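What follows is chain A paired twice: with chain B in the first complex and chain C in the second.
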Partner chain A sequence: MTDTSLMDPVIKDAFLEIANIGIGKSAASMSQLAGKHVAITIPSIDFVRTGERDSFQLMTGTSSTVIVEQRFHGEVVGTAILCLATSGALKLASMLLGEEVHQDAFGEMEQGALLELGNIMIGGLVGNMSNVLHLHIGYDIPEMQLNGTGKVLTLMQKEGACTVVVNSNLAIESTDVSSFLLLVFGENEFEALLDKIRSVM
Partner chain B sequence: MPLKFAIVDDSLFSRVQLRQKIQEWVPDATFVEFGVSAQALEQIPGLEADAVTLDLVMPDPDGASVLEALRVRGYERPIFIVSADIQDSTKERCRSLGCTGFIEKPVRVECVQAMLKSLGVEL
Partner chain C sequence: MDMQSEILDAAPYGTLVVDGGNGILFANQWVLRQMGRSREELIGSDIESLCNPSPLVLRQLVLAREQGRPVILSQRLHGYFLPIPLPVHHVSGFTHMQQETTIVPLAGSDHRMAITIRDVTSVVVGDKRLKQLQRDLESARERAERSDRNKGRFLAMISHDIRTPMNGLIGYAELLLDTELDEHQRNYAETIHSSGHMLLNLVNDILDYSKIEDGKLRIRPKLFDVREAVEDTVAVFRPDAARKGVDLKVSVDGLVPVSFFQDGLRFRQVMANLVSNAVKFTDRGAVGVHVAYTKGYGRILDRLEVAVADTGPGISSEGLAGLFEAYQQLDHPTPIKGTGLGLFISRQLCQLMGGDVRVESELGQGSVFRFTVSSADAQIESCEDAQPMEVYPPHVRRTDQTDSLRVLVVDDSPTNCRLLGSLLGRLGHQVDSASDGNEAAACLSLKPYDLVIMDLLLPHLSGFDLAKNLRQGAYGEGNRWVALCSLSGLEKNDISGSLTDYGFHFHLRKPIDTLALNEVIRAVVEA
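Now for the complex of A and B:
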């Protein structure tokens, strides 16, 4: 069922367009927060099933990942996760706060800035998805983990889970930061989302 | 009298960002900040603030519940929602609950200006 749907170019195109607009909103938000122009690459979309979770580590290419996780619920239920390599997260925190941030000084303010950035980026992607599909979604409180790779893999490993991986490179001045926004769904929840997409096409 | 704002947001980063943007235009503004929404709900009616800014996604009660509760209790002063939840349905719900305006995060200067103008500030 779902695997066939994921091969459907129309479904993939719909996700890509939702991601494209959502990432565009996220980049605009980041630009607003950092006070600098943010250039983005066109996002790529991948669908990762439970058994393929290791491919996430291959994609991110790092074992040290800062994550902001936010569950959403309502007509569509899932978990959105912003993943940033620790080095990239430090650069972003520096830009957001306008000061140099060292890894051993990843304090409350730096974490707060990244948590809010994650909240806004997730809101951009999931909010756009909701608007396009005429849904209403409620959000839980976002949470942050400085080393969240294990948490991500655990979520992706759940039976029947399907993860939509949106990857885009964000370039701020001379700094490149690779970001991954993940939408993790249970099997039934993902089917419900696909039904919503089909209903508007 | 300087304008008085109550800023309700569980993110210190967001409170600082919003406060600084308001201060760019109203340097003598005063602020009462709440990181805990329950405290805000309890104290805002007695504050005589010129405007309240209210985040939505917060630990209990969430911003929509605070907005609703304040209006039900007869609080008539301006309440601006400031949120990363950009869904059309969310904005509509907030309007129906009686918000004065909806400002998307991250807060843009133009939105702060519009809020201040609605409060009678000459920019």
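Now for the complex of A and C:
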């Protein structure tokens, strides 16, 4: 993989379009789920290479992060991760459940709800990617971790890893929550994905 | 039945397999048992008619099938997938079993999906109970804190209110002792006087304790004369020691400076507590007080160390544990009265003064209590002086300069008015009294005074308002700049609002200390 590929505006635009439509679908599902209108801002796309150790924390601006992680495999192999600052995750849970959720009351059932939400968000993005790029992808069961910063950093810092960072804000009623969807690929896997994008452009 | 089906039948959760048209291909024993159906009844039936899923769940099922990705249906958002009724009045309060459901598309092109259902009813109930417990705990904590604050306020208020009648008690006992009395009468008056002081000490301890609890105990350092402080403090206990035949000795190292920069009153308070204890617990032998000094260097501050050694009964190792905690009292053959707060307060005070208290003692070997205080940071001194500057001119005497002052005493307690009248009259001063702010205002409009002593909490017109009006010339120019002395059960620094801002020159705390009153009189006479 070359850094030139990552600088290619066509590649970036392709990811942006995939993300925009995918997250839009997720928002529709979430609106139905919450019974409230869920608006999602147009996402921004960034690429993060191995070795940029502080990138994740610089992005999320917090050391306490709730993550939902789901691996996918098939024609493209990678890991999709939804990252929310803990405060943001609590806000989101509160909005989804229609009641205030405090950190000390963040029980198993609230975690289950966030896992479902993460599954929808990831499904929207990766599902749309597989549709647009005509990829056959299988998924593992998603997992959730209350403090997942360490896990994300470990994945992102693997030799040759490239991460596509999709940042967008979820707005439910008057509250905004910043979310980060990461697609983490190995070097060869990312190269295969880029080839696929070039082939359909 | 093949091995996989046997394994699935033994699983403690539900498993269903549906085909591309949502027809049930397989249901394990858990599902059959919970649904009360036979396998034959379920196989081939439609999952939609069995579960009656919401449009959202249906959409998720379609997406899962189309995209081949798992779907999670959380209990918190959906409650349940399979409608499995719970007994009426189930302990959970739910009508149906609460479930976490995972729908996983299976490999292959026939769009089969495996549905796994986990019963989380008891988890939800546990979760709810835990949250309720957390809420109860939080609410209990808030109640306890509120009650603690109320207790502190009550203690402070009641202690303050006790000081007012004690003013009469101690003051009249002093006046009585200055009269012709026979031996019995003198004994009675002395007992009233000493009991009054004992009660006053208890009240002071309680006030200090409530301040410590509120984190409001403050140190006000100033230069004080070390030898004078030591001698004065020890002198108070000499009569008691002499009565018991206990030798009370004081020695001060030659290196101890004349003056030391720390809160002299609090230094005296700690020392008084330790010497009082030593005299109280020692029935024979001696009590020795030794004062030493260590010069500071670099960041180490100058330090005073006072050792109070006695030949009393000593303290067991059990007694030493927790000795400096609140409400600790030692076992003693004779009942010793006190709150058990003295050593606790002493330690807090020493720590606030940059030192500490420690004890060495063994049963039968006497005790040595040592306390240290460091010289305060010079910047602290400015705290008190940094109060708003006096905005009123110094007090002035009326024109006929004699040593006999005209004094107006304003207090709603007739006892206090009479007491102050007696104390001042005995010194040759002319005293008028007023029982409230309006009456005082009338007096001030009629004739000039040299000194006005006023309680701050007066009916109709508070002491603060009276002072403010006076300084604004509301009662004429004759008394506008008269010397003003406030009277309160509180210390000057505990009164909200700056007394000097209202034009007060002096403050007397109830019960009135005759020495402090004499100081005020002297300052006015010498003005």
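The rule is simple: the second predicted complex is superposed on the first by the 199 of 201 C-alpha atoms of A that agree within 3 Å, B and C clash if a C-alpha of one lies under 4 Å from a C-alpha of the other, contacts with A are read in each partner's own complex, and residues count from 1 in each chain.
The criterion applied here is as follows: contacts are C-beta pairs under 8 Å (C-beta built on N, C-alpha and C of every residue); 3 or more make two chains touch, one makes a residue touch a chain.
It should be emphasised that the depicted structure is a prediction, and the values quoted were computed from it without experimental measurement.
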Clash-or-fit label for the pair chain B, chain C on chain A: clash
First, second, both or neither for A:Asn169, with chain B first and chain C second: neither
Touched partner set for A:Ser64, first chain B, second chain C, both or neither: neither
First (chain B), second (chain C), both or neither touched by A:Ser94: neither
First, second, both or neither for A:Glu116, with chain B first and chain C second: both
Partner chain in contact with A:Tyr139 - chain B first, chain C second, else both or neither: both
Chain B versus chain C as contact partner of A:Gly107, first or second or both or neither: second
Touched partner set for A:Gln32, first chain B, second chain C, both or neither: both
Residues on chain A lying within both footprints (that of chain B and that of chain C): 29, 32-33, 96, 108-109, 112-113, 115-116, 119, 123, 127, 130-131, 136-137, 139-142
Contact footprint of chain C on chain A as seen in their complex: 29, 32-33, 96-97, 104-105, 107-110, 112-113, 115-116, 119, 123, 126-127, 130-131, 136-142
Parts of chain A lying in touch with chain B, wherever the complex brings them together: 25, 29, 32-33, 96, 108-109, 112-113, 115-116, 119-120, 122-124, 127-128, 130-131, 135-137, 139-142
Chain A partner contacts - residues on chain B that touch it in the complex: 10-14, 17, 57-59, 83-90, 93, 105-108
Residue ranges of chain C touching chain A (in the complex, touch as defined): 55-56, 59-60, 63, 67-77, 100, 102, 104, 107, 120, 123-124, 127, 130-131, 134
